[in-house]
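After this come two complexes, each holding subunit A, first together with subunit B and then together with subunit C.
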Partner chain A sequence: MLSFILKRIGLAAVITVLAVSSLFLIVHMIPGDPVSTMLGPRATPEMRAALEARMGLDQPLVVQIGLFFANMLRGDLGMDVFSNRPVSEIVLGQVPYTLVLILVSITWSAVLGIALGCYSAIHRNSLGDRLTGILSVSVIAVPAFVVSLYSLLIFAVKLQWFPAIGAGDAGNWGDQLHHLVLPSLAIGLSWVGYIARLVRASMLEVMGEGHIRTARAFGLPERQIVFGYALRLAILPTVTVIGVGMGFLLSAAVFTEIVFSRPGLGKLVIDSITTRNYPVVMGSVLFSTLIFVASTTLADIVNAILDPRIRAGK
Partner chain B sequence: MAVLDIRGLSVGYSTPRGELRALRDVSMMVPEGKIVGIVGESGCGKSTLISAIIRLMAPNARVGAGEVRFQGRDLLAETEAQMRALRGTQISMVFQDPMQTHNPVLTVGRQMMDIQYRERLSRAEKRQRAERMLALVGIPDPEARLNQYPFEFSGGMRQRIAIAMALMAKPALLIADEPTTALDATLEVEIIKRLRELQDEIGCGVLFISHHLGVIAELCDEVVVMYAGEVVETGSVRDVFHAPAHPYTRALLECDPGHIKVKTRVLPTIPGNIPDLVNLPGGCIFADRCERRHAACAARPAMALAGDGQRAACHLITERETA
Partner chain C sequence: MTDASLPKPRSELGEILYHLVRDPLGLAGLIIVLAILASAVLAPWIAPYDPIALNVPDRLQGPSAAHLMGTDQLGRDTFSRVIWGGRVALQVALPTIGGAIFFGLLLGMIAGYGPRWLDNLIVLLFDTIRSFPTVMFALAVVALVGPSLNTVILVIMVTSIPTYGRVVRTLTQSLKEAEFITAEKSLGASTPRIMAVHLLPNVLGPLAVLAAMDIPTVVGLEAGLSFLGMGVKPPTPSWGSLLNDGYNLIRNTPWLIIAGGIPLILTTVGFTFLGEALRDVVDPKLRGKGGK
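Let's turn to the complex of A and B:
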């Protein structure tokens, strides 16, 4: 088990290096020049050269990437072009908001989705199963930004049950949760449908396998067969999908954070792209990458805990 | 007294083409402490028969008529809860494919302890019992093996574990559904030997399904020959195998590679196919493929006594007597 985890973390490190390198290249290909943005049109060539040298922009690209990694390992992501604060500080200030948002979203949608999926599989072809199926496909089809806008309109503006903007007062848990409801509804809703469909399909597959027949032939209680024997297996593909799904949630969070004016990585990225604030763009996309790599790695480790065959590398 | 006594059982499956009559008027019994073999080619209704006995039938299956008497109780009349109480305690099963029998993500020990959930034993006692059973079926180092997962065992070992699980509760009836078909020949002999020893010790009745005549001959006391959903011949293994009364049994024995004395490149087969069970032909079910078909076969033959305890559903038997 330990060797599996170490291997998987090593792989994650390689993926991170590759992802960050390509990220670096992509940012460099974006039209626009950070130096002109920072200094404005009236900058003298001497001032430009001095700033380029300070930011390392006069070095060859390979050296720039190398420097970036070296600085990254020291926790130094450069300076914000405008406020002159360290980028790491700015980004780290925003990460918790996004992280909480996507974790809450995926948690409630996974719990509900798995429950609905199990229900559908057990009561296959019943009215409840058909209804769940129709609802699932419907919510999958609705994009997160549509849910964001309509939930904002209905629950915040019309009914005024939930606040429309912001993330709540710092330190006030109740208020922060209250502010989380609508954004996490917007992000998680389609995942309920998706996970419900997925769990239903894999449950039906597992329930048809020989070992379930064995469990029945030994008279095990149906509850134990479904939750102890079948779900243990049927959950495996869902865990992987949730791990990868964190990436999609991150991009859905961008919309949602803008619609609800929530602080977070998504809002930070958009704001800094529009102002050509490259160090901040790099920093926030870097953290999104880290969250994505960490979540897929975690999903693999959870799968290995659940399935001894993966642990053994079979 | 018979542990299992099936009388006139008919089971059908509803299909888009109409009702598929998988079992028709099947009667057979398993005497206490005896091993009864069911033999027949694919599609003869062996699997439908076992699923009807333990009442784990496909959703589209329907019992048309008949009784499945287990120790005198009609299982077809029991509630689902009563059936569940019997499964794994009084009636146990060993399935065909040992690679599919166990849950792949739970340890063998956990699965062997789970099936003892009705017993009032401590965890340690249940574990000990599982360990003893594993030792009994010849798994070396059972204590450590309990902590392993099914994928860490070979097919032969998994089937032995399946047998250990099935016999742990000392059932009155063990149903073995082609338990050796998925194994290679040397393992087959080994499993048969174990099964025989354990059955001797526990004294349970065994219903052993196989299409391997050699295995039936080796293991069973009595044999039931099925063809296309009907029982065509029953009797002691010795009588049926040495003096088959039904033309189908005879043909089946002639096709068994173990019986062929002359060197040949082509194995013998029974010409023709199993009749369509949705649109059944009238009369004798085997008539179409029978070498000795004659006018009387247009009517369905009843089971007739062909010898001491040997019965077969063929007109030739009654005709021989009257002639």
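Let's turn to the complex of A and C:
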């Protein structure tokens, strides 16, 4: 078990190093350099040289990558061009907003999705099951920003039930929750259907397995079989999918933050692109990659802990 | 299965179509997808107006007989822009998915059939590409080279390769040990021949299902990036830029958002239904079970 966890973390470290290096290389291969992008066409050669030296761009590529990693490990992602604040500070200030939004979205959709999936599996081929099936498939692929825009139009602009802009007053929990409703609805909606189908499928599979039959033969109540034994195994694929789906969640969060003018990583990236604030763009992309790698790794480990088959095996 | 009572055996494609149209969701998906494809291809003939022709006096109108979905802030006909927007969506989706399938097939088959070290290397490459959240990655590249349709195509293609590659790899690995492959090998067939003639046809079915399911994602990404102003440049009509216009004018007129969202929802629902039905047909283990 421990060796599995260590191996998985090792792999995550290798992937992170590769991902960060390739991000770095892409920046260098792509036509158009950050210096002219940031300084604009009227920069004097002296200004260019000063900025290049400050960003370490006058060093050889290998040295640059090495320096970049050394700095990254110390939590230094460079300085913001405009405010002269450390990039890591700016990005870290926005990360909690995005994480809260993603966590709230995935929590409500997982709870509802697992409930619907269980219902569908137990009442297989009933009207409720069919309806859940069709609804799930219909909402699964609708882009989060379309749901965002429609819910903004209906519930914020027309009905005015929910606020349209921002994340709410700091310290006022009720207000912040009120601001979270529509964005988390937009991000979570497609996940409800996805998780419901996943749980239904794996529940049906698990219910056919030997240990469930044994439990039945021992005369255990159906409720205990479903919730005590079957569900434990049936939610495993959901854990993996949520971990791997972190990328989709982050992407959805970018759009939702823009539509609802919420602070967060997505808003930060877009604002930084518009103002050509290059280090902040890279810092945000780097952070979201780290979050993504960490969550897939965590999902694998949680899966291994929950699943006796993996635990007993390799 | 009911095939015993059928008059004569059908071709493989006919067989797939037969099962597809008998599934209500599959039929619905097929009709929606065909309608979207037709309207995109026939856009110059069926769009009532020029999608980029300005007509400022008629701006921001609601739906009417003259303008079925109203007009935008520059008086352009929204319905025509929706129809032409389908072209842009397909212009992005087709090369993106085509390229991703090509490279996914190539790398996936090499990983699945080749030596262990090459397999590990390719899987590591896939995992690395997958570790970038697509939208964030696209935004980083757009920030450097500026917004353009080709950038969007390239970025989405590269980030989609692992999706196809991993499926091809798994399929190839399980087929590698199959008896007919061993038989071919003992008859002296070369590796490229085994890959092209024997492995390829067997992985195409699942790939088609994956592609049908992936099209909405790609179309949604293009629309999303265009919505953010990081995709197609104005005045090119795209569903995403329509939504962006609508977003900016949300307090003036709801029509632009409604009109821009409907084709996206239809596309996603249509292709997802089609993909689901296709999967049931292609994967015989699931066919007729009624369960997903």
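The definition used in the following text is that the second predicted complex is superposed on the first by the 294 of 314 C-alpha atoms of A that agree within 3 Å, B and C clash if a C-alpha of one lies under 4 Å from a C-alpha of the other, contacts with A are read in each partner's own complex, and residues count from 1 in each chain.
In this text, a residue touches a chain if its C-beta (ideal position, glycine included) is under 8 Å from a C-beta of that chain, and two chains touch if they have at least 3 such contacts.
A quick note: this is a predicted structure, and the numbers were derived from the prediction, not measured.
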item: Superposed partners subunit B and subunit C on subunit A - clash or fit; value: fit
item: Which superposed partner A:Leu177 touches (first subunit B, second subunit C, both, neither); value: neither
item: A:Asp307 touches, of subunit B and subunit C: first, second, both or neither?; value: first
item: Partner chain in contact with A:Val111 - subunit B first, subunit C second, else both or neither; value: neither
item: Partner with the higher number of touched subunit A residues, subunit C or subunit B; value: C
item: Angle at subunit A between subunit B and subunit C, C-alpha centres, nearest 10 degrees; value: 80
item: Touching partner for A:Thr16 - first (subunit B), second (subunit C), both, neither; value: second
item: Partner chain(s) touched by A:Met1 [first = subunit B, second = subunit C, both, neither]; value: neither
item: Contacts of A:Ile165 with subunit B and subunit C, given as first, second, both or neither; value: neither
item: First (subunit B), second (subunit C), both or neither touched by A:Val63; value: neither
item: Nearest-approach distance, in Å, of subunit C Cα atoms to those of subunit B in the combined model; value: 9
item: Subunit A residues contacted in one complex by subunit B, in the other by subunit C; value: none
item: Parts of subunit C lying in touch with subunit A, wherever the complex brings them together; value: 25, 124, 127-128, 130-137, 139-146, 213, 216-217, 220-221, 223-224, 227-228, 230, 243, 246-247, 250-251, 254, 257-258, 261, 264-265, 268-269, 271-273, 276, 290-292
item: Touch list for subunit A against partner subunit B, complex; value: 209-211, 213-221, 224, 228-229, 232-233, 306-309, 312, 314
item: Residue numbers on subunit B that touch subunit A, as the complex places them; value: 54, 56, 83-89, 92-93, 95, 97, 100-106, 114-115, 117-118, 149, 151-152, 162, 165
item: List of subunit A residues in touch with subunit C within their complex; value: 11, 14-16, 18-19, 22-23, 26-27, 30-32, 34, 37, 124-125, 133-134, 137-138, 140-143, 145-146, 149-150, 152-153, 157-158, 197, 200-201, 204, 246-248, 250-251, 254-255, 258-259, 265-266, 269-270, 272-273, 276, 278, 281-282, 284-285, 288-289, 292-293, 296
